[in-house]
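Two complexes come next, and they have one chain in common, subunit A, joined by subunit B in the first and subunit C in the second.
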Partner chain A sequence: MRRLLLGLLLLAGCDRAGYLDRPLGASGPYALEARAAWLLAGEPAVAFYDPVADDLTRAALDADPVAAVPTADGTALLVLDAAGGATWIGAETRRYDLGASFTAVTWAPDGHTAIVHHAPGAASGPLITNPNQIAILDVARPAGEGNPVRRTLRSFGAVPRSVVIAPAARVAGAERQLAWVLSERYLALLDLAAPTAREVIVHLTLAEDAREVVPAQVVAGEIEGRAAAFVRAQGSQDVFALTFPDEAAPDAVPRPSLNLLPAGGEPSDLLADAERVFTANGRAGTVAVLDPVTGRRRVVDVGAPVARILPFTAPRADGEGEGRFALLWAPGGEAVVFADLDRLELRAGQAVTPLRLEGRVVEVAPLPGRRGAAARLENDRLVLLDFDDRTATPLVLAGGASLGPMRVDPDGDRVYALVQGGPDGAALVTVGVETGAPTSVALRSGARDLLVLPAARRLLIDHGKQTGEITVVPMGAAGEATERSNLLLEGMFDR
Partner chain B sequence: MRREALLLLWLAGPAWAQEDAPAEDAPAADAPAAESAPVAPAADTPAAGAAPVAPAEAPSTPAESAPTPPEAPSIPAESAPTPPEAPESETTEAAAVPVADEAPFVADWRLALRGGASFVLDDAFDAVADGPTTGGGEVGVDYRLSDSIWVGASWSGRGRAGDVFDDVQTSWSGVSLRASVAWRHDLLPWLDVFGRAGPSVWWYDLELTPAGGSQAHVEASTWGAHAGLGVDVYFLHPSFTDDALEGLALGLSVEATWDQVLAIDVADGGTDFGDIDPSGPGFLFGFALAF
Partner chain C sequence: MSRTSGLWLALLLVACGDDGMGGAAEDRSGDGAGGDACFSNDECGNGYVCFRNQCVFQGGGGGEGGGAGGAGGAPPEEEVETAAFSAPAVGRHHVWVANPAQDAVVRIHAGTLAVSRVAVGDEPTVVQTRPGHDRAVVLNRGSDEVTLVAIEGAAEQLAFFPLPHHFNAMALHPAGRFAFCWLDLDQVRPGEDASALQDVAVVDLVDGKVHPVVVGFRPSRVVFPSDGGRALFVTEDGVSIIDLANLEQGHIATTVPVAVDVFAHADREVLVTPDGRYAVSRGPGEPGVTIVDLEEGTPRLAGLGAEPTDIDLLPDGGEVLVMLRSAERAARVPIADPASATFTDLPGQRLGSAAVSPDGAVAVLFTTVAREGEIPRVTLLDLATGDHVARPVRKVVAGVSVDPTGRVAYVLHAKKEGEPDPALGEDEFLARSHGFSLLDLRTAFTRLATTAAAPTGLTFTADGTRALVLLSNPARGVAALEHLDLTTFDVRTYELGSPPEFAGVVPELGRAFVTQAHPEGRISFLELDAPETARLVTVSGYALNGRIE
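So, the complex of A and B:
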């Protein structure tokens, strides 16, 4: 009897798996091509949800996740962990030892090369980190010699703010993939085709210049047939033009020459083609057309603040074939501007068409495959912009409703938006672009985010609950929405 | 409070019984003596029949009449050895005999109210609580079919509350209706050993309540079977207390149990949480009343 009681006591004292005592620590969801993913810091693991199969799967991680970044094509997820590693979860799963706990990833356009770095202000891992440390990773290859490449950039009193990777191109006589690490007052230039080559530092200001010049955008271009890059920086009214030499050693980073192109105002956005550079000068309400060869500049007053350039092509009204146009807009602006980029330099004000809206713009999303865009206004209105007719069609929501995140489907046929506080409470509003007719589907509870999973042809509404509460909506069949609560607890008794 | 009062009542029961016993025993001993006085001599009629008549005066006669005529002593010589107290002492011994020969107490019914713990061996239960223990109880009734074979039915329940993932509150409970066939053997009049087995049907209820989230509430029923081995010890028994508890015995019961239950699929709100198999060992301890 004593033995039985002892056994029962031992049984009563059994410990369970540690992850069951830790918070779930869910973050996400992250939108992939056909799935949504959540990081589960408590386990640690990544949970993938396939909305078509209505199936949740988990991929175990070796260490606590810090951040995750989907690849550009949405087929895989790279997870950074606190142990200084990165786990790539795609067709297969691979883990890479990065040597430090990073917090940000910038993917190259090829979809498999990435620079892993520290995000400004983000803290993870050990008490002290080297913010100039980066890792160059190729997820198409398994971990091994030269993958990843860990290195520390030379520092000139600043830390990296962001990273830009240009498409692979022939530059300075060799096939290269240039990457720019942007720090206050300077850029570090790398060639990912020669990842161990010493970086080239491009200073944007003179040593005695006290201005706070922070590079914010790098656009690849050409100047007289030679590869070039144009850099926009906060705190400067100039566009920095970097021109590469015709030849450079393939195993070295080519050293560019620097020129300044005055924009006539502090640029908020930059667009470059083979001949010209366009800048939207937000506060000034002007657009500048710059000739990078001659340095000639034409500044056009467009009559409204413009901070973003959304280029598109359209047939010319005069029948002279296709023309290059742009929709210019600014967050908080009460008007958008249609600009004829081909005629802007020549006809100035006659090449722009302002269009006043019934509220301040929050965001503009182009409609894929169409010459149009959807705009969300601060006064909870949706506006469909027609690039051909230069018109805006407002969609007024029911009184009291507030407009949340807005998305468009991959075909550009519909615009989706979350609304709160309408007659149905929380709802998903779908607007057909052709008809402009809105339909509404009531949601069980308030929504935090709206994700588009294009390959699955599904929308996923995240209700912001820690255990995963979602609504899945088939594109074009909003009435067939299904709800899932406690999704991230699925299978908890089977593990 | 009622539970405490009941417990005190039961605990006090044996003490009352012990205090009352001498008071009951004394009249029991006296009464037979008084009543048997005429009876016991009846058994000794040939010897004692003369004693009340002649010997009452005879003892003094021989002593005083020692010098009497020679034929007289033959009469006192026969009656003199019979003392007046002798019939009384013989009747006292004879009075205990009828009680000892009463038929032993045999109960046909048994009620049991017991509590205890059971243990869920399935690791899935880790996601409900941080240990396998569930608390519960059972109330049951058994009926004697033959000397050793009983049949019974019982209603039992068990439950456990806990948490998982730090902020998801869990609540697990189950009730069952059980039928059983039991074998019982009296090792002593007040000590039974028994074993039982039978089918059961369970109704389970599981709640998962995430902080700020939607509660999952699952109700499911499943079939199972149970078995147990136990002992009943009666501290109040007719063999101790004569007819004060005639036809009634009260005691303690302890039983080691095993529940085998078909696994339950837990699903709610479109989410399948998985299967739980609540099978496992346990024990019950409490009171048994036989009558």
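So, the complex of A and C:
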């Protein structure tokens, strides 16, 4: 007995990792190109799972993670932490001191520059924040002087809602990367190529105008060969066209000129090409074609609410080469509209073809490499849309089943969706785009989310358990699914 | 006579005979159709008269149509002024627009459409420029000061001049050195300070001095004589003369009465000759015009036997054309020698208004009074010869303006109450339509254009080849700019995004502009050189450009 008590005393005095006494605090998973990642707030760490090697690895963090955003190419993850830092985990791991605990990241199209900022209405974070603080970060360079650039934007009483970063381009006589921080009633314009330059504020209303005009979308374009940006705002029936001067100091943010283009309704989406700006005007059921040079507009009734513009190019039926077209749709709308953008201004109603669907649209996902899309309807139907034939092929679930998240194969060959409440309970549905033939495979328990890991050619189904319960399905081989339980606990006790 | 000689003689006779029978090359008689050149009526055909070297058809009773003239009790002529009064000002390359709400003026480059905002004083309401110069003078109604804005490179230089009183009207001397501010009682808003009923401030923009001057009651406008040394204010007490070489602090301008009866200065039409030597006026019930030598100061009535219904100065300022509607005649009155006035009888034509071409060659006579059963008409009076021809027009005339070169008259028409409905018949349909006519003053050819709204804001280009007219009816969604080619009489309509307000021309860049009602400002530009391919380029929200910081 005495030896037993002595052994217990010895065991009680051994070192024990602190994280073992804290909840796991898992959030995610986040889809990367070849891996899935979870944030483990309890450790703190990031867990990466390689579905091909069936291997889980961990990367330790210096502080509790707050948010994570994959890079645009999906090869790395940027994790924001509560200590005001950001950890980039890719081929190597780098930490940056941001100076504040941010909750959102917007990546530039170059894939390595980002603006780190506060997400509006974030539930977690410090007691008090300055929402106009940002950090400009280049993860291709190590932390150091000028990386990140911490700054606070001039504010006029509003909180930034979102950030948009345009592709790098030659603007005002220099190579620039313009970024827009959108707040109610104004935008702040930055040049990431001159990150410390004073921002230019573009007010969208006069001082005495009490309207709530909230910029919602910025689209880069050009007007008569000059760089331009087009801004859509909630609360305004105009598109704000911002053109830049021919020359401006490279180390200063160029000051744009503003012109209002009347859209004929409150636009919900915006598309700009070299000559025209198109707006989808939501419940008005119209599309406007705007000439940004003359300000002239043509409003076309398309016969259905349209709030989204999905552009595509296709051979013209009349043999006149390739033309610009678009699929127009609206969440909650019962129709989609095919529009010939090249002919819309001249032919108006003759250039649009509505297609009624038996149900209200929830989402539309374009099929990569194809002129088509998959649509999910409120009545739990999947619809395959063929842009060339202008057809809609519905796929109907058995009674009682409900459609969950929908994903598209990176090659555009298949559409995947989670189904709940069917005869098999939870299931993964796969639809071949070419044949329209659906198949399904039962899942062992309720599925919360469906991730596509393109480089791994795998689907990962998250069953929503804190300890990590997943099903891994090879693309195109749903019958070879493998399940993992307590994935996130692996290796915890080995350290 | 030998055979050969005889043959030659015969040939000669034939040749002479041909000439003797009236060589076709010189034959100006015959049909004498409209538009044929002529030197006398004999050269025109039956029913045609030679008017300004053109044969113009007048028919059997073209010059004397209509019913018997009546006098007394006829409504007054109410001529609609169709000349543009552009609130924006045109500089060399820029259009300047006052933006009272933002306490700024906005200048828009007519070529590049670049917009610049310049903060001035409180509530700028009047902006004026000197044509061909990019310098603006602004009256700030809220802060009672004048701002001079000069463009220096890419920036603006500002100078502020406080005013001694509250004013709401301003004019800029043609030479650009002086600005004149006064109170226009017709523009006063309720509650606004309207005490400066006899005050003018002369702002010397060069030395910065502001000279208060007391003038006659209610100055309505200012005239600048060609010598450039004076400013003449038309007031209800007469013409007040400000000598710019002798501006003194607080002086009273010499005011010359323009009516014989000192109690008859209200409701007068007053004209001042270009040299500023004379003032000519007419008043209610006076059977002539009153002429006053502004240097001598005694107004004298030149009796014409009837009450004038309109007076117009001829361009050289030496004569005034007076319409005597009730007497069915027009009078040309030499201002320096009114006793030698000459009359042109217009029997059967009760015409009470006139518009004189800028070259003084022709006057367009008309009446704005609609008479049941009478065909509306205009009469063209050759001011050199006194010849006149009458032309019917399709609708009652509301006003006439002549282009700067004197080739074309713009005839604004009145509209009868009611909706134009073709089912009511042509005459009623036309009577109920808005519209205007273009009248070639040489051939008397007329082109009627009906419009969707009342045409306003007429603007001619300086070369007289084009004109602009605005159409606005917000209730019916009508907002348009009409481009009139005065050479071809082609009318093109450009739809606007919102109701038009003012139009003008930027001569240096060959562009027309039209400002439109828009909370953030809207202006459109049109290239004038190639209307068939011209685009209407619009800048909207230009006031917002002042809020890019």
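By definition in this document, the second predicted complex is superposed on the first by the 479 of 495 C-alpha atoms of A that agree within 3 Å, B and C clash if a C-alpha of one lies under 4 Å from a C-alpha of the other, contacts with A are read in each partner's own complex, and residues count from 1 in each chain.
Methods note: contacts are C-beta pairs under 8 Å (C-beta built on N, C-alpha and C of every residue); 3 or more make two chains touch, one makes a residue touch a chain.
None of these values were measured; they are calculated from a predicted model.
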Subunit C versus subunit B on the shared subunit A, clash or fit after superposition: fit
Vertex subunit A; arms to subunit B and subunit C (CA centroids, nearest 10 degrees): 160
In the superposition, subunit B vs subunit C on subunit A residues touched: B
Contacts of A:T467 with subunit B and subunit C, given as first, second, both or neither: first
Touched partner set for A:D73, first subunit B, second subunit C, both or neither: neither
First, second, both or neither for A:L204, with subunit B first and subunit C second: second
Contacts of A:F240 with subunit B and subunit C, given as first, second, both or neither: second
Contacts of A:L261 with subunit B and subunit C, given as first, second, both or neither: second
Subunit B versus subunit C as contact partner of A:M492, first or second or both or neither: first
Which of subunit B and subunit C A:R296 touches, first, second, both or neither: second
Nearest-approach distance, in Å, of subunit C Cα atoms to those of subunit B in the combined model: 53
Set intersection of subunit A contacts, subunit C complex versus subunit B complex: none
Sites on subunit C touched by subunit A in the complex: 101-102, 113-115, 495, 497, 518-520, 522, 524, 535-545, 547-549
Residues of subunit B defined as touching subunit A within the complex: 117, 119, 123-124, 126-127, 130-133, 164-168, 208, 210-214, 216, 256, 266, 268-276, 281, 283
List of subunit A residues in touch with subunit C within their complex: 200-209, 238, 240, 245, 255-262, 293-297
Interfacial residue positions of subunit A with respect to subunit B in the complex: 4, 8, 11-17, 20-24, 42, 54, 445, 465-467, 469, 482-487, 489-495
